[in-house]
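Before I ask anything, let me first share the structure, which is written out below as structure tokens.
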Amino acid sequence: MGLDTWSLVTVYEIVVFLVTVPLLIFGWLMGAKGKNPIRDAPFESGQTHLGEARQRYMMQYYPYLIMFIVFDVVAMFLFTWGLAFSGVPLTQDYLFLVFIAVLVAPLGYALYLSGRREFW
Amino acid sequence: MEPLSSYIILSAALLGIGIYGLVSKRNAIRLLFSVELIVNAANINFVAFARYSNPPMLTGWNIVFFSIAAAAMEATVGLALILVAFRLNGTIDVRRLNRLRG
Amino acid sequence: MPDIVFLTLSGLVIVSAIFALEARELIYGAVGLAFSLIGVAGLFILLGAEYLAMFQVSVYVGAVVVLILFTIMLVRRESGRIVEEEEPGRLGRAGILVAGLVALAVAGAVILVVPMSLEAPEFHGIPLRELGRYLASSYAVALVILGILIGATVVGGLTLVKVEREETNSGAAQ
Amino acid sequence: MTCLQGLPTLQEIVNLVLRIITSRTFLEVVFFPGFLNVMLSAAFLTWLERKVIARVQLRIGPLYAGISGILQPIADGVKLMFKETIFPELADTKLLMLCALGLMLLAFAPAVAIPFGEGFVIANMDVGLVYVFAVLSLFPSVILLIGWASNSKYPFLGGLRSLFQQVAYEIPMWLSVLGIVMLTGTLNLTKIVEAQQRLWFVVPQVLGFAVFFTAALAELERTPFDLPEAETELVMGWMTELSGVPFMIGFLAMYTKLYVMSALITTLFLGGWSGPGFVPQPVWVLLKTFLVASVIVVIRGSFPRVRVDILLKTGWTRLLLLALVNILVTVALISFGLDWVWRI
């Protein structure tokens, strides 16, 4: 069958889909049903639950997300560089060094902030 | 393969949806969605034109690399701004965030 | 076969883009945006740009959408309702009008300039090594500027969050 | 009758279906390197984990179903299928179901790129390594959404912790394999295995291996980084409010991820299918995979849990630095011309 790589990935995912959906429906049909306010309450270690869980919470770790996005992009560019890297330093390797060097200053700032208490 | 025009129509439609969001929505996060959609419409065009030029050009790809990276950075700073605006004003409705107006 | 794939993908892109903007809950909107971006990645694969598609998935869907979801969860009132005061009507109709005009104009202009049914040339993929080489040689300046942009993002984002935290801690914001 | 002549007869349809079902591609996708293999391996890993952990803790573990309890996962699966699917009253049922489906699709997706022998792989893609990473990077958002949709405090906290943990360890993981990419100059996993015929990458890339292994533990949310489902504090983490089939899917997805990660470590660092020829190549891959998985399980049995802020800080500073050092080592290796060993 003249299927190329990505078609095979699609077929495979369709197989997974075709197994999962009947499984979910089967579980829904076969399980017992019925309303029970105590059983349907969110689990809070046996206490009466305090309602919505989606309250405002600490955003202590927001900087990690920012750094993650930034480094995700950098890592992708480093991959393209790594693919082309071959022993002899070419001009492009120096240019990538400049690219990295430009990034050092903000990294230092990030690390400086991470050293402060209660941040990061 | 489809003709090039089908890709262009698709990306124009995506651009239209993005502009519609920019014009009619008041929620700052939805405005960000719209911007992302517009950027993606442009990216589709870049890749499609790169593929359909003869011989296929890498230039389109590379521009899309930079475009995606820049859009990610824009979203990062934009979301941080929205967050700060929300904490300071208690809303992300752009009509109400007019305290910067002179 | 590719026609069906293309139609499915473009349907996914368009429908979930509309859903992203029109869904009642902002969280659903973010999920719609994620699907739309995945659809665009699928189009990239269809156009032969596999590496680009992976870049799109990992940066957009894996990182930006996560940040959007997280921000949406932070941006809520105490009542738990999402802050959103939509006012459809005149504005919505104006938006549809403007968007339709722009889209028509763009599509029309491009289709007038580009030959209507340009056939794609034979293409057997580009060696990925070439990509890195080309990126670093022809786009060196852009790369360095991107580095500066990334640096500015780090500093800007962290400073914003830092200011925000200090404001919150001193109680000025509440 | 004329209009029916263009249509295939029943015999032809049956023949076509038979041809498709017996075709090599179909068998590969559905049975061996494909779906059933992944599912059964994940099920086997749950049994392996219970057995190994039981040995570590001087217990016996599952015993009655099959020979020394090897059919236990199947019994559990059947049990869970007939359980009631309970959702908490404030939960977003639709979103939870969608997330369960998405989790299953995501967990199984990376397995297509793992090579099981020379030319024995479902999807031999040029961007295989990046494909696996891209799929793995989608997990945090689904898990965060599950925590959000459950609308209960433990799942939400677990989801948040999971998000930050996976996000913080993703970058060291990416950068730790950059050395391999530089040595081989390809992202194709089959070619990466072929490059290791002379010497496995665990030798020149030992630092990268250490970083990758640690980051993999964190990505898998396993001890010592099992904060998202720290049993003593967060009950079951983001899976707390799942029940019945959705719970089974969450559980299966976690073990599928364990399998995929072990197979990835095998492929990248431990030579993939290469090994003495008296055992077929796919068996080597499976053996190495289960060996790596049992090492991960033994680590679970013997290490305490770390604190969340230490976890995140370590991820960013130490592991990132180690990964960068690894890249420098690789640059030195290539500059001294030692990379001929792995060039194909």
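Note that the chains are named A, B, C and D in the order they appear, and that numbering of residues resets to 1 at the start of each chain.
Just so we're on the same page, contacts are C-beta pairs under 8 Å (C-beta built on N, C-alpha and C of every residue); 3 or more make two chains touch, one makes a residue touch a chain.
Just so it is clear, the structure is predicted and the values come from calculations on it, not from any experiment.
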Pair joined by the larger number of C-beta contacts - A-D, C-D: A-D
Central subunit by CA centre of mass proxy: A
Between subunit A and subunit D, centroid-to-centroid distance (C-alpha), Å: 14
Subunit C and subunit D, separation of their C-alpha mean positions in angstrom: 28
Whole-Å gap separating subunit A and subunit B, where each centre is the average of the chain's CA atoms: 21
Distance from subunit C to subunit B - Cα centre to Cα centre, in angstrom: 5
Junction residues of subunit A, two or more chains touched: 6, 52, 54, 57, 59, 62, 65-70, 72-73, 76-77, 80, 82-85
Sequence positions of subunit B contacting 2 or more other chains: 65, 68-69, 72-73, 75-76, 80, 83
In subunit D, residues with contacts to at least two other chains: 125, 130, 137, 148, 167, 185-187
Which pairs of chains touch, using the document's own definition: A-B, A-C, A-D, B-C, C-D
Complex interface listing, subunit D residues touching subunit A: 20, 23, 25, 29-30, 34-35, 80-91, 97, 100-101, 104-105, 108-109, 112, 122-125, 130, 137, 148, 150-156, 160, 164, 167-168, 170-171, 174-175, 178, 181-182, 185-187, 235, 240-241, 244-246, 248-249, 312-313, 316-317, 320, 327, 331, 334-335, 337, 339
Interface residues, subunit A side, partner subunit B - complex: 59, 62, 66, 69-70, 72-73, 76-77, 80
Footprint of subunit C on subunit B - complex, ascending: 1-10, 12-27, 29-30, 32-34, 36-37, 40, 43-45, 47-48, 50-56, 58-59, 61-62, 64-66, 68-73, 75-77, 79-84, 86-88, 90-93
Footprint of subunit A on subunit B - complex, ascending: 65, 68-69, 72-73, 75-76, 80, 83
Footprint of subunit D on subunit C - complex, ascending: 27-28, 31, 34, 50-51, 54-55, 57-58, 61-63, 65-66, 69-70, 73, 125, 128-129
